[in-house]
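Same chain, two partners: chain A is paired with chain B first, then with chain C.
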Partner chain A sequence: MSMTGVCLKQVTGCVSRRILSVTRRHHLAIQPNRCLFFESDFKSGYSSKKLKRPTLAGLKEEVKDLGPELGKLKQEWIRKMRCDEVWDQQHGDYEVVWRFNDKDTINSWIVTRDHDHDEGNSKAEFTLGANKKGIFRGVLDTNVPKDGIIKESGFCNISSQRHKKSFKRDDPYNWERYTHLLLRVRGDGRTYQVVIGMHRYYDLTWNDQYTYPLFTRGGPYWQTAKIPFSKFYLAAKGRIQDKQEKMQLDRISYVGITLADAYNGPFNLEVDYIGLYYDSNHSQDFAYEMYQVPSYMIY
Partner chain B sequence: MTVFTPATPLFISTLILSTLLAISASHWLLLWLSLELNLLSFIPIIMISKSLQETEGAIKYFMAQALGSALILLGALMIFNPFISPQISIIPIILGAMNKLGLAPCHFWFPNVMASISWFSCLILTTWQKIIPLMILIFLPLTHITPFLMITGALSSLIGGIGGMNQTSLRPLLAYSSIGHLGWMICTSAISSSMAIIYFCSYILVILPIMLLLMSKNIFSNIQLFSTFKSKHSFQLSAATLFMSLGGLPPLFGFFPKWMAIQAMSMSHMLFLPLTLILGALMNLYFYLNLSFPMLINLLNPSFMKKKESITLASISSLILGVSPICLFLIYALTMFN
Partner chain C sequence: METSRCVCRITTRAAQLVRGTTAPHRHVCTLGRRLVSPCVVSSCGSRVSPSHLRLLHVTAPTRGWMEARSKDADKKEKELIVHQETIFDEAAKKAQNKESFKAAIAKYLRVQGIYRRGHVEFIYAALNKMSIFGVQKELSVYKALIDLFPKEKMVPQNVWQVEMMHYPKQQQCCIDILEKMEFNGVVPDDEMGRQLVGVFGDKAHAFRKYRRMMYWMPKFKYANPYYVPRDVPSDPIELAIMALKRMAVDLENDIIIHKSKEYDTAVDRTFIASAQSPDQQALIAGHPADSPVYVEGGFKVWLREVCLTYFVLRSEVTQTFTTFHENKDKEEEETDSYLNWSIFADDTEKPAPMVKVPTSHEQEDGTILATCITGTASKDSVTTWVKLLEDTNPRLSKLPVVFLLKTEEAAIQTWTEPGDKNTHMSHGLK
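Up next is the complex of A and B:
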């Protein structure tokens, strides 16, 4: 849902990039606080270019999809009425959500680089390695394109697709049963960022992501990173938010791994699987800013 | 987590006053005013802890309730129009009241909002906030719309049962249960308004201890329910009893309002309606038993069996919680039927 908004000058006096970029291709909104400006586009101006197809052809395609989508809907209702969700959890229970041992899983993940939208020169790819593991590799380039708009560059990312149910409706993951995110990776010593995107309703919160650094060792040995969900901190468009809140584990939209550590050079990250883990001894709710603010303070 | 601020008593007092004003209102505009006051008093209570989730819930609640209030105002203004038949002008009022209650088919906002707000707000939403729209539906002369209300009641019971299936989060589960129970109240109101009020009061008596128990332990999902209560055996029996009572399992208290409703409908020669209501209630009972069985099975744990004193105390307290309001009900039933 979009709120009506007006472009205003930022409190600090700096003119927002959004005003400058109205006539440009992209909306580069450098916003320290996600509550300052409304979002007109779900993708924040980074939508992929789609060819306009004739209405009749589009309609024919939608009718073709009707059968499979109805089949999906039927499966959803069968699953719902079976009522066979796991209701109890034991210490050490885990679930592998993505195992990167086949091309289908690899191809279902989306690779993004700053070069895609002419904002940099980084290269990245996500492929299946010889040992049947996913390899996220490329070259990070922090050289800024000389267009007078971009100030910083050097960004590569792999993300899962948003989980959808029948008729392309969003179906966020529900990971309330688990306490940790598990990643089995073999890195190159660089610091990556694990990003968990949230499925939120209002436009101001469309870009909400929870992130945590993934420190890799660089050696020949694999490492299993077990990151508690309570340690993830809230960011929006890459900026850590002042007002931190606990992650809603029943509204997870996608998971991604980002490299933007501001070092030029090649990178290589092997990923075996990404999963979930339940630790009954983990009692932390949220690691940041749990102090009570006086009620007269508005923030 | 609910944080009580100095403004909380103000909003709670206006919330109470608005309901009392609505009940004693003699003019449609006064009723609408009290509905608006009720809405505006409840929104800050929802947003009291200023978390994003609760803010989202508050905005969704506002949108749904504003639509309901607008429909009621439209109906109220239409009543004053001499060119419009009162039977037509009452339709927007009914639709507005249905929207405000979360009665099917206007129920879509209800589980969504319940999933976002704190337990304290859930408690007010499922009990106090239902008083005004329920009174509108019960006390209006609706003889020409009774079949429509019965259909919506039956639909609510079915939707309450189906919607609660496969729910792992407790707040939406109780929201669907509330929709189901509302269906029973609406169908009962077609026979007798006092019976509908008894059902409503019985529902409050059953839902109140459940929500207070879950609120005290900060439990939002079934996983938390089982893991928290594993060490607190004394709560397991109480929680299991209360959930079974809410599901309408005899001989617990929650069964008696349903029995009263079915008997009244059977005596009015209605067959299909109670059948539909029972179907919805059975689905409700299924997921309540799903919640209760693991807790009851856990009570058979040998380490728990050793603690004889706590068993006695827990069992007595649970029985009191589940069974004692029957005495009130029996007294009332005796006075009514004599």
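Up next is the complex of A and C:
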């Protein structure tokens, strides 16, 4: 409830650690910028570290990076010169983007939970299982920390990193040739959420994500979820947006799986791979109605 | 503004990253000649950015003379909510059900039928106490709460009133009711829409929230291919059957319920729900005598808020499965190779070896031979299950059975809402 325990005065009377967290959150730009003011923080106040001015040690690190980054650049150019792009797409073609059968792939994914920013007590980890599959497991806890600011709590997420090319330049995925997202998972009957983060330019669109629920069967059998891209809907900062538009498949930055179904308790999701699939029979462009509504309904 | 992204929308059920983490802001708007009292605006439903209003109108030094209320108004407001909660506390002493909850609302109306003083505080108190009465999934209760708002008075008369969140405190309260409905999966109906039009008009923020809910919620109501009803049964046997059916890939899956009375040597007096299909029976019948079968568990499976523990009878990967996949990989390699491509369509078909197709129970990490859910999920009940399986699978008595049981816990667990007394519940037919 927004009415209970919201007085800032009360909160600052508590332990000093809480005061710090309160003051930090106070600067969080959770409210949308309605006046088109520039939002300076790419992570809307959730950055873990501030940008530092390059020190000597920092410069040395940069120089160390130079070699591997040049190597990457070389590989990029070799690939470019080969020109072996797939032109002919046939029904049933698929591509595995992430196969979670080794430690490196699993460690390249980021685990996030509400506990990271003192906004809850959920636990989560993403590890390599005994049969060489990724296991996303933990305990979801919806108990709201009593700091008077947090309204709802309880989420765990795994996410790939933003796709980059050499010299840490953004390089969004281009999945225009495919129609479906393919996930081979073994869940526990809970409903997860597939999140596709967009690479978009303006600060208003930095938090744009396309999402769709990942329903799991539960039990010992593996399932393959084939979710059409057309069914993903636009959300930002956890809220479905009024003005929907279809996903731009050439501007995809990252993919993630979230659990926030509001049921306290342990969860376990095994992930074999995440891939892409081309179904020539799939003609749907966007699953949601795009009819005109009165202008006051839409922002 | 076309590209703006507003957070006052319906939450994506899963991407509900901590909703409304903003600190509450106070703002005073002077609309016409009426001084709207300061209100708490949470992140949802607020078209007006409170931070900007605070910047423009109510900076700290000026707040004193613009504040319509006394300085300790917040404190008083909270006290009022606590005071209103006593009505529900009294009602809860008599009975904790829908009738007594509605009786508490009726009690308020008897006193405040005309003037509706403190109805916002009363509604917040009601929302706080809903889970105690177990009415958080009842649409009629939400309608009764919305009925507490005074009619017609708060309908905005012009665009400014609409955009400046006319009667913000009341609208925010209404939005909080709707959001609580959303979290509990209660889809509103047309009658609620008419109610809201009568209270706030068809252009207010509260009504917009209702329209969003009416658009999105029915879309996902039956989206789950592994459907679980909103109100899961409380009977543990029914739950076990539901879970086993949901887990089964094989449509021929047969579920048998054994009650422990049938089996005299069982120490536990409980039930055993066992699921096995004819395919799985055939797999056991053809199982080589030298390799063991494993009993593994307890694994967790969820049916909405209920968590059950299940056990699996498993064997190693079968030869059928490995040969099938080796063959398939080989075929794929051959078709992928440029050397085997032909310009004549007829040439592409090549003789392939006859390979038996594995059943759906054969997977790369083992073959599932049977699954079960028992009332207590104890080791004893699981050993009894294996003995019971021997009746339908005589081959099983000749095979070495290895028990790899991880935990002994209660079979059905329910984590209820925080604040409830029963945080951990377990059933078992004793």
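One rule holds in what follows: the second predicted complex is superposed on the first by the 248 of 299 C-alpha atoms of A that agree within 3 Å, B and C clash if a C-alpha of one lies under 4 Å from a C-alpha of the other, contacts with A are read in each partner's own complex, and residues count from 1 in each chain.
By our rule, a contact is a pair of C-beta atoms (placed from the backbone, for glycine too) under 8 Å apart; a residue touches a chain by one contact, two chains touch by 3 or more.
Source: prediction; values computed, not measured.
K.L.:
Between chain B (first) and chain C (second), which, if any, makes contact with A:134: first, second, both or neither?
P.N.:
After superposition on chain A, A:134 lies in contact with neither partner.
K.L.:
Between chain B and chain C, whom does A:275 touch in the aligned arrangement: first, second, both, or neither?
P.N.:
neither
K.L.:
Once the shared chain is lined up, is A:88 touching chain B (first), chain C (second), both, or neither of them?
P.N.:
The answer is first: A:88 touches chain B but not chain C.
K.L.:
Could you say whether A:202 touches chain B, chain C, both of them, or neither, answering first, second, both or neither?
P.N.:
Both chain B and chain C are touched by A:202.
K.L.:
In the three-chain superposition, say which chain, chain B or chain C, touches more residues of chain A.
P.N.:
Touched residues of chain A are more numerous for C.
K.L.:
Give one of first, second, both or neither to describe whether A:172 is in contact with chain B, with chain C, with both, or with none.
P.N.:
Touch partners of A:172: none, neither chain B nor chain C.
K.L.:
Tell me which partner A:258 touches in the superposition: chain B (first), chain C (second), both or neither.
P.N.:
Second partner only, chain C.
K.L.:
On the A-aligned overlay, A:153 touches which partner chain: chain B = first, chain C = second, or both, or neither?
P.N.:
second
K.L.:
Under the contact definition given at the top, report the residues of chain A touching chain B in one complex and chain C in the other.
P.N.:
Correct list for chain A: 202, 205, 299.
K.L.:
Quick check: in the complex, which residue numbers of chain A touch chain C?
P.N.:
Per the stated touch rule, the residues are 1-4, 6-8, 22, 25-26, 28, 30-36, 114, 119-120, 131, 133, 142-144, 149-153, 155, 188-193, 195, 202, 204-205, 207-209, 211, 213, 215-222, 233, 235-243, 258-268, 288, 296-297, 299.
K.L.:
Using the touch definition from the top, list the residues of chain C that touch chain A in their complex.
P.N.:
The touching residues are 1-24, 40, 42-44, 46, 48-52, 74, 77-78, 81, 124, 127-128, 159, 162, 172, 176, 183, 203, 208, 211-212, 216, 219-220, 223-226, 228, 243, 246-249, 299-305, 307, 310, 312, 314, 360-361, 363-365, 368, 371, 413, 415, 418.
K.L.:
If you look only at chain A, which of its residues touch chain B in the complex?
P.N.:
Answer in residue numbers: 79-83, 85, 87-89, 174, 176-177, 200-202, 205, 245, 248, 250, 280, 292, 295, 299.
K.L.:
In the complex formed with chain A, which residues of chain B make contact?
P.N.:
Those in contact with chain A are residues 3, 5-7, 50-53, 56, 59-60, 162, 165-166, 168-169, 221-223, 226-227, 286-287, 290, 294.
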